[in-house]
Amino acid sequence: MRFEKHRPIRAGMIGGGEGAFIGAVHRRAMAIDGQYQLVCGAFSRNSDNNLLTAAQLGIDEHRAYSSWQQLLAAEALLPEQERMQVLIIVTPNQLHVPISRAALQAGFHVFCEKPAGVSLAETQELAQELAQSHLLYGLAHTYLGYPMVWQAKQLIADGAIGTLRKIIVEYPQGWLTQNLEASANKQASWRTDPAQAGASGCMADIGTHAFGLAEFISQQQITHLCADLTSHITGRQLDDDGAALFRTEQGVSGVLLASQVCAGEENALSIRLYGDKGGMEWQQMEPNSLIVRGINSPLQILRAGKGQPGLCQAALDRCRLPGGHPEGYLEAMANLYHDFAKAIRAGAHGTAAGVPGIDAGLRGMAFIDTITQSSNSEQKWHTLPKQLHTAFTGVI
Amino acid sequence: MRFEKHRPIRAGMIGGGEGAFIGAVHRRAMAIDGQYQLVCGAFSRNSDNNLLTAAQLGIDEHRAYSSWQQLLAAEALLPEQERMQVLIIVTPNQLHVPISRAALQAGFHVFCEKPAGVSLAETQELAQELAQSHLLYGLAHTYLGYPMVWQAKQLIADGAIGTLRKIIVEYPQGWLTQNLEASANKQASWRTDPAQAGASGCMADIGTHAFGLAEFISQQQITHLCADLTSHITGRQLDDDGAALFRTEQGVSGVLLASQVCAGEENALSIRLYGDKGGMEWQQMEPNSLIVRGINSPLQILRAGKGQPGLCQAALDRCRLPGGHPEGYLEAMANLYHDFAKAIRAGAHGTAAGVPGIDAGLRGMAFIDTITQSSNSEQKWHTLPKQLHTAFTGVI
Amino acid sequence: MRFEKHRPIRAGMIGGGEGAFIGAVHRRAMAIDGQYQLVCGAFSRNSDNNLLTAAQLGIDEHRAYSSWQQLLAAEALLPEQERMQVLIIVTPNQLHVPISRAALQAGFHVFCEKPAGVSLAETQELAQELAQSHLLYGLAHTYLGYPMVWQAKQLIADGAIGTLRKIIVEYPQGWLTQNLEASANKQASWRTDPAQAGASGCMADIGTHAFGLAEFISQQQITHLCADLTSHITGRQLDDDGAALFRTEQGVSGVLLASQVCAGEENALSIRLYGDKGGMEWQQMEPNSLIVRGINSPLQILRAGKGQPGLCQAALDRCRLPGGHPEGYLEAMANLYHDFAKAIRAGAHGTAAGVPGIDAGLRGMAFIDTITQSSNSEQKWHTLPKQLHTAFTGVI
Amino acid sequence: MRFEKHRPIRAGMIGGGEGAFIGAVHRRAMAIDGQYQLVCGAFSRNSDNNLLTAAQLGIDEHRAYSSWQQLLAAEALLPEQERMQVLIIVTPNQLHVPISRAALQAGFHVFCEKPAGVSLAETQELAQELAQSHLLYGLAHTYLGYPMVWQAKQLIADGAIGTLRKIIVEYPQGWLTQNLEASANKQASWRTDPAQAGASGCMADIGTHAFGLAEFISQQQITHLCADLTSHITGRQLDDDGAALFRTEQGVSGVLLASQVCAGEENALSIRLYGDKGGMEWQQMEPNSLIVRGINSPLQILRAGKGQPGLCQAALDRCRLPGGHPEGYLEAMANLYHDFAKAIRAGAHGTAAGVPGIDAGLRGMAFIDTITQSSNSEQKWHTLPKQLHTAFTGVI
C-alpha cells in the first residue's frame, strides 16, 4: 500500500527576533504537531538580530527579509510549491492590521497575535478585506485552545448548569507592578506606549482574553459595560488595571477584572459561570481541571486527557496525552495551529473551524473601545456596538 | 495559695429557638472558652418552641420569657449577682436596633448579629444611645474573629505588601439559587422579605461581611461605589446577587462581589489585596492559611496555629490548637465572644477591643444604603457618607 | 406544655493542668454541645497548678483533689445527684490503665486519651474489668469523630469503590525534628520517655491513629506487619519515625507511615483507599472534603455540612453548620463527647455507639506491640494477635 | 554579519507506529525546540502501519525500514551528511538492550525509553559497549526533565533542608485496575507480559521512575530494600502494585510506593524529602510548583518560569515561558532532548550533561532485580548491588 507523504505548511513570520517573547512561543507551538515549516521571516528591524534569528531557525539567509513589505513582495514571486503559505504576525499591536491586510492582498493566509488591531474601525476594514479574499484569518486567543475551555463551552451548550445567570471572569497579572518601562524592558515598553499598543494597555493586552473567554464559553454577547480603569504608576499613559460590571443580551450579569499590577500574581486568568442548576470554574494556571458544581450533587472535577471520563469530543480532540501528564500553554496554542493547518489543507476561507477569527477580533476591538470610553465617562452603562459578523456565526 | 474562682458571664438571648440557624451557632461559640452561662432567653414567639428551647438549654422555665420586652423588664428586677449581664440578639434584622436600644436602656451589654439594623438612620440613633451609656456593644462579624484575618491586617499595617493599590473581595453563596422562600424555608423567607431584612437581601446579609472584611484588613474607608444588584428569581423582592466597583479614600481601586445564586458555592468569602510590593489572599473556606505573594520572592503560606512561624501576637492569641489541627467558624466566633467577655470583666464601655462594634455597624449600614442607591441610579459613582465614629478609632 | 430541663453530665478530669496540651482541648470539645459540666479534677501533682486550674475552670476548691486516688475516693462518697459521673483521663500514657481500672472499680464511666495503655497485657486486664462493670469506656481517637471519616466508612461498606485492594495511611508531623526534650518541653519529654510513654514513641502517639483510621474506615483487620522504625535524634530512646508494609485478613495490601521528624509538616494524617471500582482520599488538615475517584467517572469531592448532597446520615449527624462554614478538630472531638453523653443518658455499658472503645484500645495496643517487635526483627512479616473482642463487634 | 545556519540533528526511530503511545510523545518532545529532524524509522513490524506512519511524518518511503536491523544497516551506508545521527528506541522493554547495542556498534547515538533493559546483566553489557564507543546514550527518564526537579536537587545540595532523614516517593496510577490485557489493549498487553516487559510489571514501568527520582534529587544511593509486590488481577503474571521500605547509604529511611491499580489515580508521581532543617514536596501533576517547608519559617512555594524568584540556573534553563504559563510533560521530555542535542553537537560521549544515561539505567535495573527478589523472600532486607559506574559520577 502507498500512502501520501505529509508535507508541512510553509510559514513566514513578522516579528519574533531575539529579545521578543511571543515569537518563540509561536514557533514552539507550531512545531508540536509537525504541521508547519518556517521558511522565511522579517524577525527584527535590526539587521543583525534578523539574520541571527533566521540562522538559528535554519532559515536561508535570502529569506530573512529586512521588512515585512519586502517579505510579502519577495515571497509572492516565488514558485507556488516553494513560497510561504501563511504569515504569522507577532509584532506590537499597531502593525497587526496593516500587515494583515497587506498579507491578504498578497494572497497569504494570516495568523495574528491578538488583539486584531488598535481600533475597531481599522479592524472592520480588515474584516472587509478578508471577506473579499479566499483566505483564512486566525487570531491567537491562545486560551481558547485549551481542551477544558471547550469542555466548559459544551457543558453550557448542553444546559449542564441550566440557564446562565452570572459570569465572573478575571485576569490578574503582577509583572507591571513596578515601572519596568523606565528601564529598558522591551515587553513593558511597547505595551505601555499608546503609539504601539493603541488606546488601552492592560485591557487590550489581557482584558481582551478575559472578554473573549467569557463570550466563547457562554456563547452570549456582552452588551453593556460599566468600567473603572486605572494606571497605578506615575507617568504610565495606559491603564494597567481595571474592572467592569457587565450585562449580556440574555440578562446575565457579570464582572470582568484585569490587572497587571496584582503584585505576585503570575497569569491567573480564570472564569466562573453560574446558572440556575449549577456552576463551573476553570483556571488557566491549572488548565487540565474543570470544576463543576451542582445544587443537589457533589462537586465534580473533570480532567483533561485522552480517554478521560466525561469529556466531549471537542475536548478530547485537543488532548495529546493520557490524564495526569500535564499539558499546558504551548499545547493550547498548538491546538490553534493544528486546526488552522487543517483548514488550510481543506481549502477553507474566512475562519478556520476551531480557531478564533476575525469575528473574535472585531468583538475584542469593540470591547477595548467601549471599556475605555466607559472608564472616561460619568455615565453608568455603555453599550457595545453590535456587528453583522459575530463570533457566533462560525464554529468559534 | 488561693486563687479566685472564675465566674462565667450571665447571658440572655433573643431569638434562636428550634428551627433557627444562627442562635445555636452563637451558643456553641459562647461555650468554647467557658466564659458564659446562658441564664435566660426569649427564644421564640411560639410558646412551646420557647419553652422547649429553654429546657433543652438547661434554663429555668421562669427565665424563658415570652417576649424580649418581658425579658428586659424581668431581668432588670433580679438581684445583681443573678441577673443577665449581656443580651445576645439573633433575630431577623428589623428587630436588631429596637432590641439593642431597649437593652442598653435597661442596663445590659449587647452582642448582636449583623447587620446592626435596617437603616443607617436608626443605627445612628443606636450609636447615640450607646455613647450615653457605660455599656458595651458587639457585632457578630464572625469572619473578623479568624486569626489569619488579623494576621493579614497586621501585615498590611507593617507595609509587608507596600502601599495598597487594589482589593478584590467576594462572597459567593449558592443557597438561594432556587426559590426557597416559596417553600417554607425560614431562613430564606425572612432574608428575602423587605419588612424583616431591610432594603437589601444579599448585600445586607453577606455583602456587609465582604465590605467589613475589606475595610478591616486594609484599614481604609471605601468612599465611592458603583453597583449593579439583581434579583434572579421572579417575584423575589430583594437583591440576591450583585457587584460593585469601589474606590477608597487613599485611592485604592477594587471590586466587591456578593451573591446568593452562585449555584453550588458554599460560603466562599475571600479577599485579595495588592500593594506595590506584594499581594495577599485569604479564603474563609480554608481559613487557616494566608497566602502572601512578593514581587521578588517565592509565594509564602502563613498558617494558623499556636507557635506557628511568622504570626503576629493578635493572630496567635486567636489560635487554640497547634498548626494542622483545623479550627473553623465556631472558633472564629468564639474569639469575638472571648474578647467581649474580657472587655465586660474589665469594665470597658463602647466597643470591646478585638470585637467589631457600633462603628462597624454604622459602616455596614452606610454600605447597604449606598449600594442600593447606586444600583437604582444611572449615575456612575455614589459616595459613602462619612461619620464621626469610624471603625478605625477603636482597636478594630 | 412542660419540657424536662436538660441537666449536664458531671465530669471530672485527671491531668490537664496549666502547661498541658490535651486537657484544655478536651474541655473545649466537651463544652461545644453543652452536654457536660466539669465538677472536679486532679489537674496537676503541683498543688498550685492544680488549684489555679480548678479556679480558672470555676471548680470549687474542695473538689480540686491532690491526686487521682483522692479524687476517686472522695467523689464516690458524694450524693448521687452531686458526684462525678464520668472521669476524663488526660495524663501521660503509663497512667491510663491504672486510673481507668480504678475509676471503673469506683463506679465511674471513663473517657480516656489514647493509647489505652502502655502494653497489650494491661489493656486486656482493663477490658476484663470493663466487661464485669455496667459502665462505659471511651477512647479519644479524635479523628474518628470527623463526619467525612464516617462518610468514607459508609461508602466502603456500600461498595462504592468495590472490593478493597490497597490502603495508604500516613501521619507525618514535624514537631520532634529538633531535640525538644533536651530543653524543658513538657510534651516532648514524656512522649520520648519509655517510662511514661511505653515501648514506642511515634507509633504509640500517632501511628495508632493511622492504624485505627485504616481499620475503622475499611472495617478490615490488619493481620501482618513489616516495619522499620527509627530514632533520628542521638539519645532519643523511642522511635520518632517509621513505616510499615501491611496486609489485612481480606488480602488488602498497604503502607502505614508515621513520623514526627517530617520537618515542616503540621499534622498531616491522611488515608487513601483503593478498590476495584474506585478510590477515596481524606486528609485531616482539610477534613471537610472527601475525594472520591471512579474508574469511569469524573472525580467527586463530597463536602461536609448540614444538608450537603451525597452524605450519609452518620456524616450529617456529625455536622453542626451548613457547608462552607469550616468545622475542625475541636468539633470532631466534640462529636465523640456528644455520643458518649448520649450513651451515658441511655444507660448503655461497654462501648458507646459512635465512640471508639476498649476494642479500639486493644487493637491499638496490639499494633504497638507488633510494630515494635517487627522493627527489631530480621524476619519480614509479623502477625498481629487476634482477639475475642474486636473493634467491629460494636458500632465502631 | 554572517551567522551559521542551524542544522537539525537527524534522528531515526524504532517503534512508535500507529496505536503506540510513547513514540508520538517523543516526536512531539523532539520538535518543541527545533533541534531534530526525523529522517527514518522502523515504526512497526506491520508493513502498512510502518509505511503509513512514515508518510504521516513526512519521511521518505525508502527510509521507512521494515526492521531495526535493516534500518541500522542501511543508514550506516548513507553519506555522513545524510544519515541518521541518533536512534530513538520506543519499543517494548525486551528490545531495548539488543537495539541499543547494535546501534552503538553501528556508530549511532542512542536515546532510549526506560527501563534500559530487562535485566541488570544485559544492561551491564550495554554499559561496556558504550564505554568502548565514542557515542552518547540517553534514557528517557522524562520526569528528570522538569525544572522543579532540578530545583529540588539544587536545594538539597545547598543544604536548604539540612541533613536528609526521610524520603517518601510514590507513583500511583489506576489504569490497570481492570483486566485490560484480556481485551486487546496494546499498552496493557506488553506491559503485563514477562517476555516483553521483563521480571517486573509495575516496578519496571513506573517504580523505576520513583526510584530514579529519589536518587536523583537526594543524590544518595539506596542500599537496602524490603518490598511487598502484588498482582491484583487473577492471571496477571507481573506485579501491578507494590511498596518497599528502604534505606540509603547515608542512613536516610524511606518508603517507595508504585501501583497501577490505584483506581482513579492518573499519574500521581510525587516525592517528599525531609531533613533536619526542613522538608520539600514535588508532585508531577502540578509540576510547576515546589513546596518547601522550614521548621521556623512559613511554607514557601517556588514556581517554575522564566525569571521566577528563587530558582537556580538549572531550573531556569529548563523553562521556556514566564511563570503562570503552564509547561508540562512534553516540555519536560523536550528538556532531555534539548540537552542531548547539545551534547551531540559538542561531540560529547558517554552521558550527555542533563540527561539520564547508562548509570541511571544500571541503577534502575539493579532496583528491579532487587525489589523482585525482596518481594519473593521471607528475609527482611535485601541489598542493592553497587556498581563502578554510578548515577553520580556524571552530571546527572
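Order as written gives the chain letters A, B, C and D; numbering starts at 1 within each chain.
Quick note on the criterion: a residue touches a chain if its C-beta (ideal position, glycine included) is under 8 Å from a C-beta of that chain, and two chains touch if they have at least 3 such contacts.
What you are looking at is a predicted structure, and each value in this text was computed from that prediction instead of being measured.
Trainee: Can you list every chain in contact with both chain A and chain B?
Mentor: Both chain A and chain B are touched by C, D, going by the contact rule given at the top.
Trainee: What is the chain whose Cα centroid lies farthest from the Cα centroid of chain B?
Mentor: Farthest from chain B by mean C-alpha position: D.
Trainee: Return the distance between the CA-based centres of chain A and chain C, expressed in whole Å.
Mentor: The computed centroid separation for chain A versus chain C comes out at 55 Å.
Trainee: Measuring centre to centre with CA averages, how many angstrom lie between chain C and chain D?
Mentor: 44
Trainee: Find the geometric centre of each of chain B and chain C from their Cα atoms only, then give the gap between the two centres in Å, rounded to an integer.
Mentor: 35
Trainee: Would you please write down the residue numbers of chain B that are in contact with two or more other chains?
Mentor: Chain B, residues with two or more chain partners: 265, 292, 294, 299, 303.
Trainee: Mind listing the chain A positions that touch chain C in their complex?
Mentor: 292, 294, 296-303, 309-310
Trainee: Under the stated contact criterion, what part of chain B meets chain C in this complex?
Mentor: Residues 1-8, 21, 24-25, 27-28, 31-34, 48, 51-52, 54-61, 173, 175, 265-268, 284-287, 303, 305, 320-331 of chain B touch chain C in their complex.
Trainee: Which residues of chain A touch chain B in their complex?
Mentor: Its residues touching chain B are 161-162, 165-166, 168, 170, 172, 174, 177-178, 226-228, 230, 232, 241-245, 247, 253, 255, 257, 259, 261-265, 272, 274-279, 292-295, 299, 377-381.
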